[in-house]
Amino acid sequence: MKLFPKRYHPPGTPPGTLVSVPFERPITCQWIECEQGELNLHDGLEVDKIYARIEAGAITWVRVQGRPSAEWMRRYGPCLKLHQLAQEDILNGGQRPKLEPYDGQLFLVLNVPREEDGWIRHQQLYLFRHQSLLVSFFEGDADPFASLIERLKESRARLKRLGLDYLLYALVDTAIDHSFPVLESLGEKIERLEEFLVEHPERQVLEQIYALKRELILLHRALWSHREVLGKLLRNEGDWFDEGILVYLRDCYDHAFQILGLLRSYREMTAGLLEIYLSGAQVRLNEAMRVLTVIATIFMPITFVVGVYGMNFRYMPELEWRYGYPAALVLCALIVLVMMAWFRRRGWF
Amino acid sequence: MKLFPKRYHPPGTPPGTLVSVPFERPITCQWIECEQGELNLHDGLEVDKIYARIEAGAITWVRVQGRPSAEWMRRYGPCLKLHQLAQEDILNGGQRPKLEPYDGQLFLVLNVPREEDGWIRHQQLYLFRHQSLLVSFFEGDADPFASLIERLKESRARLKRLGLDYLLYALVDTAIDHSFPVLESLGEKIERLEEFLVEHPERQVLEQIYALKRELILLHRALWSHREVLGKLLRNEGDWFDEGILVYLRDCYDHAFQILGLLRSYREMTAGLLEIYLSGAQVRLNEAMRVLTVIATIFMPITFVVGVYGMNFRYMPELEWRYGYPAALVLCALIVLVMMAWFRRRGWF
Amino acid sequence: MKLFPKRYHPPGTPPGTLVSVPFERPITCQWIECEQGELNLHDGLEVDKIYARIEAGAITWVRVQGRPSAEWMRRYGPCLKLHQLAQEDILNGGQRPKLEPYDGQLFLVLNVPREEDGWIRHQQLYLFRHQSLLVSFFEGDADPFASLIERLKESRARLKRLGLDYLLYALVDTAIDHSFPVLESLGEKIERLEEFLVEHPERQVLEQIYALKRELILLHRALWSHREVLGKLLRNEGDWFDEGILVYLRDCYDHAFQILGLLRSYREMTAGLLEIYLSGAQVRLNEAMRVLTVIATIFMPITFVVGVYGMNFRYMPELEWRYGYPAALVLCALIVLVMMAWFRRRGWF
Amino acid sequence: MKLFPKRYHPPGTPPGTLVSVPFERPITCQWIECEQGELNLHDGLEVDKIYARIEAGAITWVRVQGRPSAEWMRRYGPCLKLHQLAQEDILNGGQRPKLEPYDGQLFLVLNVPREEDGWIRHQQLYLFRHQSLLVSFFEGDADPFASLIERLKESRARLKRLGLDYLLYALVDTAIDHSFPVLESLGEKIERLEEFLVEHPERQVLEQIYALKRELILLHRALWSHREVLGKLLRNEGDWFDEGILVYLRDCYDHAFQILGLLRSYREMTAGLLEIYLSGAQVRLNEAMRVLTVIATIFMPITFVVGVYGMNFRYMPELEWRYGYPAALVLCALIVLVMMAWFRRRGWF
Amino acid sequence: MKLFPKRYHPPGTPPGTLVSVPFERPITCQWIECEQGELNLHDGLEVDKIYARIEAGAITWVRVQGRPSAEWMRRYGPCLKLHQLAQEDILNGGQRPKLEPYDGQLFLVLNVPREEDGWIRHQQLYLFRHQSLLVSFFEGDADPFASLIERLKESRARLKRLGLDYLLYALVDTAIDHSFPVLESLGEKIERLEEFLVEHPERQVLEQIYALKRELILLHRALWSHREVLGKLLRNEGDWFDEGILVYLRDCYDHAFQILGLLRSYREMTAGLLEIYLSGAQVRLNEAMRVLTVIATIFMPITFVVGVYGMNFRYMPELEWRYGYPAALVLCALIVLVMMAWFRRRGWF
């Protein structure tokens, strides 16, 4: 994941300018109409039919999967009554999660982290709500709402009672809850590193800890605005929702809060991992140093002694002694014993 | 204790879906009716009788020990008028402490840390209050309220006067106060480590410090929401309580606050322990280094000197001198003295 | 001072349960009546007389020195109209500084740090105010208010004008100001360590820094709630005081604030001391390492050279040369010069 | 960029004193009139004409590029109705971003970071708005609004509808968005350092990390007040704007927020880089130490052994043995094997 | 500068007790009357004349330079209507900057940092305002307001219009702005250290960094309350000022804010300096270690080889070989080459 996620126009570009992304991908559209709690799916995007159904009292959810091109946006954006600034945000991506009320409309940006091949990817969900119409854009390939529609059918009663509010809540809840599997797998990663650290304090661990830290920083940046967004939703300042949905949204807010609490303890834990790693390295350095010092301190003096008796002076009386050689060896042994006693007294081994 | 404590449904599951925990355990139920301050215990869970007694003006406390299965919940949850979301939270466990008012009802989640075999386990207490009915779920095996009932009998007067409010307070107070023994034993652990550190700065200490740190992080995560929950209770926004109970709840809030203050100083102390440990390691490294340097600096030059006179050149006048050998030894002694003077002047020993 | 200061009952004990402290000490009581600014001291605790004087319009201060037993409390507590929870707090000790208004009454807990034999002891002052009666409990042996009574006599005019409010203020002020001598002596300790560190960077310093840090953490924990308590007093929500006393209480609040500011800069300074100590150790390590490296790098090559000419091969032409020996010495000298030039160029000495 | 950016008068100088900057540069002026969404550019600064056009209902933007002299300010400042304190701020430079409402007028200071030759320069934009007149001062050489005028022409409709408000917004938006290219390039720098660190952990990296850190500290100082300024604008306390512009300003506020979020994660990342660098250094130190210890521990004993048999004692029976020489070599080999086995068991290689 | 700046009375002293400072210095008094914007200076302190002029409608500023004695204060304090607590604060010194409204009066304490001989001294300014009388006490020797009076004459118009408010503002502004030269010189010190660090990473630098850090901690403690004090002034809760002065006070507030922002970035920078210093030390340690390891690893094996052929065994066939000697040298050279290749492959040089 890139450190700088945003695509931006050159400063000075008028707001709401629409420019296509270079790496465009084909998008898929779907629209789901929902009347009296019954759901009907339609592929494609037939604006006329949608409005006809809305006229007839149905609520409608338009789903766009993939990031649309500027042309697409220019064509369909106004039909779907998307605000110009919202259109620009959707095309550019890399937004901060936010809640933007444009007169009578509600524009919501959420981050949906997903783990793919061991990497965490951050994809964005854009929700746009206008009277009886809900539009969602999700920029990733995988469909985070695949199982949602099936499940919505099961909670038909609530959907009937709470209408579009429940639909919106269901989408927000699904988006927020996508952080749980990611956090669970990060938690396992931390625990694995913890065990590994004690047994194999090798160098690669350092890079893994750093990679983990980086992921946590980016995840924190991506998610910490969720609490603010949900808090705003809960305050319901523009009377956007029926009171009945607030108990569900509070549950959702609670999840966002819990996710941030988990993230915080993960970050503290990771900082602790680095500390433990470095402390361990320091301890091993001390050990090596101690071994070296003991060896050098013992062998240097006795090597000096044997060096002395290797000198070639003509007049060295000891050399002629009968027991000179064993005496020199005994001298060496004495030096070794004295040194070892000294180290033992200092508690070095 | 796991880093990631929550059990969650796949994102997109409708709210309030009830799924059994894989590691179900048999639960035990009890109901205590209380009329005019007198307590009567009944085993089992006879819903009809309970409501009959409530009709008759008694207040009732239903205790469930252990984590119930989804079937149990589906059967008894609606009878006890538990909100769907509350039922889901109880089944899933690992919640953040919170206070949730569902219309006219009060749902409370608290963490109860307990020390078992030197490990801190976090178990959750769920309190649900609805008119004259109090329902408590405690997921652990041990019964934190074992002695409570005996004690409630002693404070009959207050129980009579304050009714269900007092009962709820007594449960909250007991749950909060369970942190004190845990904190006391952690405090002793820190003090033991402190002393140990000064005397035996060994390597295992590092792992103990880290384990302590981990426990403190998790304990902080589990407990820091208590203050918020109790603050909400005290504000009494929904007129949940009689004013008379607030003075007791304030005492309880004060305990929660004090617990967090203790936790904070423990965390600072633990960070200090790590610092002191590493500083000590650094100091010992310096010592070893100094010994090594002194030894090497003294013996290398004199070993060189004796090496010189061990050379086999034919024309080495010194070798023939009468006092060449003692002269060489004197030269070595001089070198040693000069070196030691130099080290002494630099304050190395 | 213990990390965990609080004595607590087993969780589940009803609030207000009174249990004696194991290490009871004899307590001394005094009561001071004050009418029209005149002070009269009486030893002992004659409840009837006290209330008679209060009836007569006098204001009364009951002083209890030492921690009372549960029996004492059970006997006198109700006479002095102490709230049950306040009685429990006084017996248990180790409270967080707090202000608790029980209907019409005011209960105040303050920490009074005192230095004894170089250690900081934290003792608590409990103030209880009820109409014209002020009760103070101070758990320590030494009397922090010894000089206060003499001084109160001097400010008779204010005492007459402001009555019990002034008395309460005088006690709070004295308690708060007891932190100043403690902070002054800590400040001197830090400055002494600072100087010491530069001159004698020895190992014991580390333990002293850590002990200082520990004391600051505990002092911070003991004092940081004072600001909150005094802030509450100043807001005077229950109309506890005459407006005239608030200007004095504001002065007191200011002192509490200043004390916390001092504590904060002490903690930063102590963290700085540790940093400087470790940095100094690192620097000395580098020096030792450099000496060792220079010595080893110079002597190892020349020791090798003399080793070569100490070999006993039959055919070694150099050995037969006339000037072989001086040539070998010159070679050694050259090596030394080259090495030293290389080290100089790298700026090693 | 200087740490201390502000030019200040000697303390005690009356407010609003105008003193020229020593390093004056020629300034260029332009004025743009705008009527019914049509833009006309004029070079120079003809005050009479400007006011004539304003009278006639046009809105006017006076652009000053470069830092004016005190004389210029004394001459034109009053004509343009700049507040005395605003004039002083413009001459002195190095202000904190701020929003200052002088009665009926609005004075805005923003920081515009720009990257030049790999260095980030902070230049200030001063915006002054008074009825139908907008005055902008930009102290740098390069023109950050070069492309703006062209683009304003394209959004004629909005300009016509929202008038001076839109013009002011466009300038603020352009100024804020100038941080994006700077942040993008810093993000790339961090990512490059990250990769570099793993492959070539050389010493220069340290200086680069520090330089990066310094830039981030200064950038943070320069930009963190933007959020406050934009928040104030949005609150629109003095009814400075038409409601219609607030949706655009909110977009702008969002960008300022996002910029600070990016900065924060950059700073955390940079701290992480330093940690990883130092950890790497520690790890390499350990490796070197280990190699040294292994080598020394193996060769010191065997060098001692061969030293023993190099002694010149007359009576050394081993020297006469037939297989003394191979036996000595075998002894050395044995020592080496034992040592290596010992190291292997300790997991040293 | 002392860590503990405050002089305090023994706890229990009644508030407002006046005690002389031991190190009294002669004080100088002046009074400036100001009528219709005209300023007249008088030396000394003629209380009667002052009040006569005030009666006549003039505004008056009494300046006291130096710290007065208790006698002085007892004599003049009441004449000048100073509150008892204010008198005590002035005598004791070392106050936290604060704003204290005593009924109808305003008491202001500000810190004025000044650089003297490379040290930062913190001196306090006490401002007391009562109707048409302004009293200032400045405890230092140097006169920070020397140039102020001259400059006040120049802004006669404003002085006439805004009266005492403007005078008070001018004093506050001068006091606040005295931090700018101090901060500028600290900024230069940091930049000098930065450059020095890269070129001469010597040991004294460490002490300089620590001294800088200490100064910044104390400066922060001295100045951070200014923001609060000026914020209170701006809120103008007691209608102390005419609205017209607030625009100037806001400028002043802005300076106080900017000063704290600078201080914060200085502290971060200083922390960065320490980091860079230690990192550099670590890097140099690694270098030394590497040199040592390379040297030892190369010379130990070959010294062993020549040691082998220096043994005196009778039966050593190699010694008799014609080319034994060159062969041994070649063996040494081979060892050196192998070792160097190994180091090169590991990237050690």
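A, B, C, D and E label the chains in the order they appear, each numbered from 1.
Note that contacts are C-beta pairs under 8 Å (C-beta built on N, C-alpha and C of every residue); 3 or more make two chains touch, one makes a residue touch a chain.
Just so you know, these numbers come straight off a predicted model, no measurement behind them.
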item	value
Geometric centre distance via CA averages, chain E-chain B, whole Å	41
Centre distance in Å when chain B and chain C are each reduced to the mean of their C-alpha atoms	25
Numbers and ranges of chain C residues touching at least 2 other chains	282, 285, 289, 292, 296, 300, 303, 307, 310-312, 316
Contact graph of the chains (line, ring, star, complete, other)	ring
Sequence of chains encountered when the ring is traversed from chain C in the direction of chain E	C, E, D, A, B
For the chain E and chain C complex, residues of the former touching the latter	2-4, 6, 8-15, 83, 85, 95-96, 98, 100, 102, 203, 206-207, 210, 213-214, 217-218, 220-221, 225, 274, 277-278, 281-282, 284-285, 288-289, 291-292, 295-296, 299-300, 302-303, 306-307, 309-312, 316, 318-325, 328-329
Chain A residues touching chain B - in the complex, by the definition given at the top	144-148, 151-152, 154-155, 158, 170, 173-175, 177-178, 180-181, 183-184, 187-188, 190-191, 198, 247-248, 250-251, 254, 257-258, 261-262, 264-266, 268-269, 272, 275-276, 279-280, 282-283, 285-286, 289-290, 292-293, 296-297, 300-301, 303-304, 307-308, 310-316, 348
